[in-house]
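Look at the two complexes coming up: chain A is in both, with chain B in one and chain C in the other.
So, the complex of A and B:
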């Protein structure tokens, strides 16, 4: 491997940046990217406030209809009242806005002028006339519901605590908070919570959701776990919490941009390799948290630089004589790096992450990966088996993002490893072809191990899944040819787990 | 665009310092990374993977990855076992460095987790035994002298709460009462869940939350943010390792782990018992096990329960040296004693030095600080 010096080429890329969505994060991201010296186009399908930086071109009421191309050369179609325009961008930033959904139904409540959402209460508290009623006479009693409709979060808790404190401080009024888990896990919230309690905000933490009657008057009944008896309250207002939901445009963006979402429909997927602002596609970044704008700008600057990128010529190359345009590679590339050119599949050296999944899945063996060509890997396997001095001989295909790191650390710290153990580096477990595993057996390995990242931790999102399928497939094959399927195992491991790696290898050796 | 030049000193080589240094280097800024201990990685390099069948997104492996990035980066000059003794701000930043005197590891051979970080092994003072090949003597390590930099990022980290201050839990007295951080290290080092006294797999484990945090009596009016996530993830790891194990988490309020929390929380509650109360005290019983006394909310009278091991979810406290750092760099402290990150003066604060935060949060925050520092360099010229 790495036998030949890698050839590089300079690719000229587009330096403009498209920012989609102009909520707080979108605006900040647009400004941070512009501050790095790039031209920014900010679009939103609603009206837009004008951003401060003048390097930003604003397109209000505009939809991103489609996106083709790849990092450095995204071609989009932007549509608005005055028609459609085709624009090209080097990078795209998505800053989806979130929706708030009142959770009154979770409590069996209908919204009216006494049962209001958190947003409505915040507006009321900003309104002088309403605030006046809090001061006059006996004031009002206001009950806040928090965390029984859905597990809350610090942002929601912070809104409740702020509002409750405002009510309490208004004069004659009283604030009651019915909380499940008080989400104080953010800067300053425990202090705010304590201040509220010290100023008289009453906080109940019943173990069950409060029972609420909504008639002419409102009535909340809970069983208080501290005094262990029922506590009733007839508040003037009930404020229901709101869930933060991924708006429908979240999924639409994900589909148009071909990026993964998490279980709740939020962009990006729940994978630590995306920290803090990446998506699974090179050149598409996500701004959803306060620190994201700066991180997005850093990533954009790293990618676009001064408009020229030096990339490996042979990162992943399609053999035009072999490709039959079956679309397999296009579908399985986790980074959306494959496109069509002159009637065959082509791979963008800017967007490709070199995982090799496409190469292993291509039915025509038409794709070769830079430092991990079939030839190079075959040589590595031969060498691994040949260099073994003890038995059993074990060849472990190790993903360079996880298992290889763990294995190298195990060696460096003298963790116990069987004598006949050898590692073969692969860019991702998804690059472990059926042929490679068979080759290792043919060369005389007693056992073969495919070591990948844990599910949900694969940098290529699904490389570990592909590897697992292939291992299961071969295990069946081994049995039909009369070999024990236990000679082949699939395992997952994190890069920081040297001892665990050594233990897994030793257990495998014993079993052999 | 990436034409920025200049030099920034990053103080502290934990995840925040590593990330800040790496991001600066990505922007063509050279970095002096000063770390007072003999190794990079800070607390978090010792954390264990908590994956069950699936990754639990704890971020521990990101630290390993970042460490590898930093050590391979020519624009970052790493100075281990080095501290800043003084700072002269009359012209840019003139920094005086000294060898850190903290801990001479008398008679010990230290081992760093950082495979890519040389040295791997360090011989403490007075070690004559044969040390592994390539081991460095601690006295040879460390930098002295003066360097000039254009900005400073303080990433001096946190100090875990000293569990001995909660005397009734018997930490330091009973072997199987350990802190969450120690548990992380134990699992990583042993590749499995074992308890300290006999190396056996515990069948009944309790986690006690908020040890040292959210404690008005101690004056610690903050939530440490990381201890609910790590306790729940470790509880999940224990159940994965041994489905018959019984795990209880004693808590005040459960904080979120991150994305997809509602689904995660529902699942973990199927396997782990959550008890809303903070236990009163812990006594040793036979077999090195422990008896824990608590007032379960729904019972009203004290209950006693036995456990093989108790994990104290200690929180994030201001760095032990935050006062000194604050004086040296003329950076104010917050009411809670962390470094105040709101002052814009060419001295920036990243990571848990400024207050509690997760690995993910520290990384994102450090990226932001690197961005701000580069902006500052641009403006200063």
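So, the complex of A and C:
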């Protein structure tokens, strides 16, 4: 239901929240969201512990089969032994799963009964029979390898320190830790480290990865930077560190929820413009760290509030007479904000971020973006070219999240800019349509520059990538026409790079 | 658009006769426009099949999606096909195959014959215009396709069989190259008919893929 006011609309949204995947993070997030007064449904494909809060409906052994719709109106199909049910939610929180991968190969080691993973050693230390061997006779010497197979983190360090301390406390055995960096940046780790040292855990911090011989016996050789001598050890056990990897369910979650993963398969994808608990889709949040539960609850409350959201009316408007539901916009939208209903594409004003990638890709020019309509931008381009006296005239399409700021700063600092340089503001480089670039040339621009955010830094995830592809494509077309492709350049810039920006513009002008 | 016509009823009936529950899937684009496989044709076919089999023998369901050649629209069927033991598609050959690909465990039967790429002359009246040869010569031929219209698909014509405006195969079949001659003459560019078009590379007829310029990187990025 939508009630119209002047430039905004009030959209009524569903206030229920779905939390997928349990574990500590999922449970805590569910409780934090419930504490804000929202009804929470917690699903997991395994058995679930009962959460403390009454407002949480628990569905154990349940899978999210599908998710359609958008922020404020996610329509899901939940399936379990007793059948399928369709449920609607305003927001979705996902608690990702992780797996562990042993890094023995990084040390040139093969796993066997003497070379074990951290997980295996933890299991051994829980086993009474093994613990007995630590006390009997001469005991055992156990070497832990940490931080040479990966950069490591406090969580990994904590496991090493805990296990080493347990070995040492057994009484008759010795723990050796070969660490690159001892990462103690979490609560209690400094204390744990110190306690271990006090109880006799030996720590080495070699400058290079330890050289290890694996034969009938094990032998570790390092050059100790403190005593400046080679130190040899023949331990009974070597424990190799493990990398945290994305659980296989992560990709399945990401696919069903249509959210991006990072390069290692973790969700959410990284984006400096977003809060860490946000995904690339509005209304889908990720609780992956212990600190995330509270953040997720805040973001959920911000979105759902009291169930009414006031949004801009013209954020992205589809012309129903032009749209042929070719699905190009649906496929290109980095925010999953587009669906289709009643025979045309529909852009959710709640989920839309206004980047304009859809408008640029639409083959029918059926989408207009807020203050950046085709008409307005065409006028800006004409104005930019017409206002220039002298050559070369340069039209620079500048992303308002980066290049525009850099350009404005360059002007404010009186940085030297060519006389014929004009900026055209765009909401994202992804809004720079092929037609706009061609229009600038047709209007008489000598050079056109598309200035976007750095790779991996686009607020709209892929707006800069789309812009780069389009520029490369038009460069080919310019060459086919018989014009120099160098009249068009793509560049990336950050908002604080005023000097670099003016330099890039000057170099472009010279080249023209 | 792609033009199709419905298969003879008995052929469809035979294909589905061994099944208990069959979903007939229509397509809302080309085959709907050419009145062969839209929502109405789905309902009509189901009614005919019901009458033929008797109501209790086979249960027929009906769904029509926007386009069977887009997986996003086929996805709308995901939650529905489980309960059926066979599917009948009324889409063109592309749609039928895409449907079969989406639900590889279900037998999929075609209810239409895909006929040609053509135009709408009047309600229910279509004419073939294009054979998708991949090397368009319409610029040289006055906008008349010799591949489609000439019985020999000659790029350079006419042949010796042109017979007073008609083709030698049939008096009713106009000679494509006669029509091309007339069109070019009317436009005052008859000299172009002398220009030799190199032969088409018919080896291009293996299954073709097109990635529009500007999307190559995207396709690569998607790893498909």
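Observations, loosely collected:
Everything below uses one rule, namely that the second predicted complex is superposed on the first by the 394 of 512 C-alpha atoms of A that agree within 3 Å, B and C clash if a C-alpha of one lies under 4 Å from a C-alpha of the other, contacts with A are read in each partner's own complex, and residues count from 1 in each chain.
As a convention for this text, contacts are C-beta pairs under 8 Å (C-beta built on N, C-alpha and C of every residue); 3 or more make two chains touch, one makes a residue touch a chain.
Quick caveat: nothing in here was measured; it's all calculated off a predicted structure.
Here chain B and chain C are compared by how many residues of chain A each touches, and B touches more. In the superposition on chain A, A:77 contacts chain C only, with no contact to chain B.
Judged by the touch definition given at the top, the superposed model places A:228 against chain B, while chain C stays out of reach. Once the two complexes are overlaid on the shared chain, A:263 sits against chain B while remaining clear of chain C.
Once the two complexes are laid over each other on the shared chain, residue contacts for A:37 go to chain B alone; chain C is not touched. By the document's definition of touching, of the two partners only chain B reaches A:294; chain C does not.
Within the superposed three-chain model, A:434 lies in touch with chain C and out of touch with chain B [touch as defined at top].
Those residues of chain B that touch chain A in the shared complex are 1-3, 23, 26-27, 45, 47-49, 51, 53-55, 57, 59-65, 68, 111, 113, 115, 120, 132, 188-192, 213-214, 216, 221-223, 225, 228, 253-256, 258-263, 265, 276, 297-298, 300, 335, 355-356, 360-361, 363-365, 367-368, 370-372, 375. Only residues 65-66, 77, 84, 325, 327, 330-331, 340, 343, 434, 465, 469-470, 472-473, 476 of chain A touch chain C when the two sit together in their complex. If you check the complex, the residues on chain A that touch chain B are 32, 35-38, 150-151, 153-154, 179, 181-191, 194, 205, 207, 225-226, 228, 262-264, 266, 270-272, 275-277, 289, 291-295, 297-298, 301-302, 304-306, 401-402, 405, 408-409, 412-414, 453-457, 492-500, 502-503.
Per the touch definition, chain C reaches chain A in the complex via residues 66, 70, 72, 78-79, 213-218, 221.
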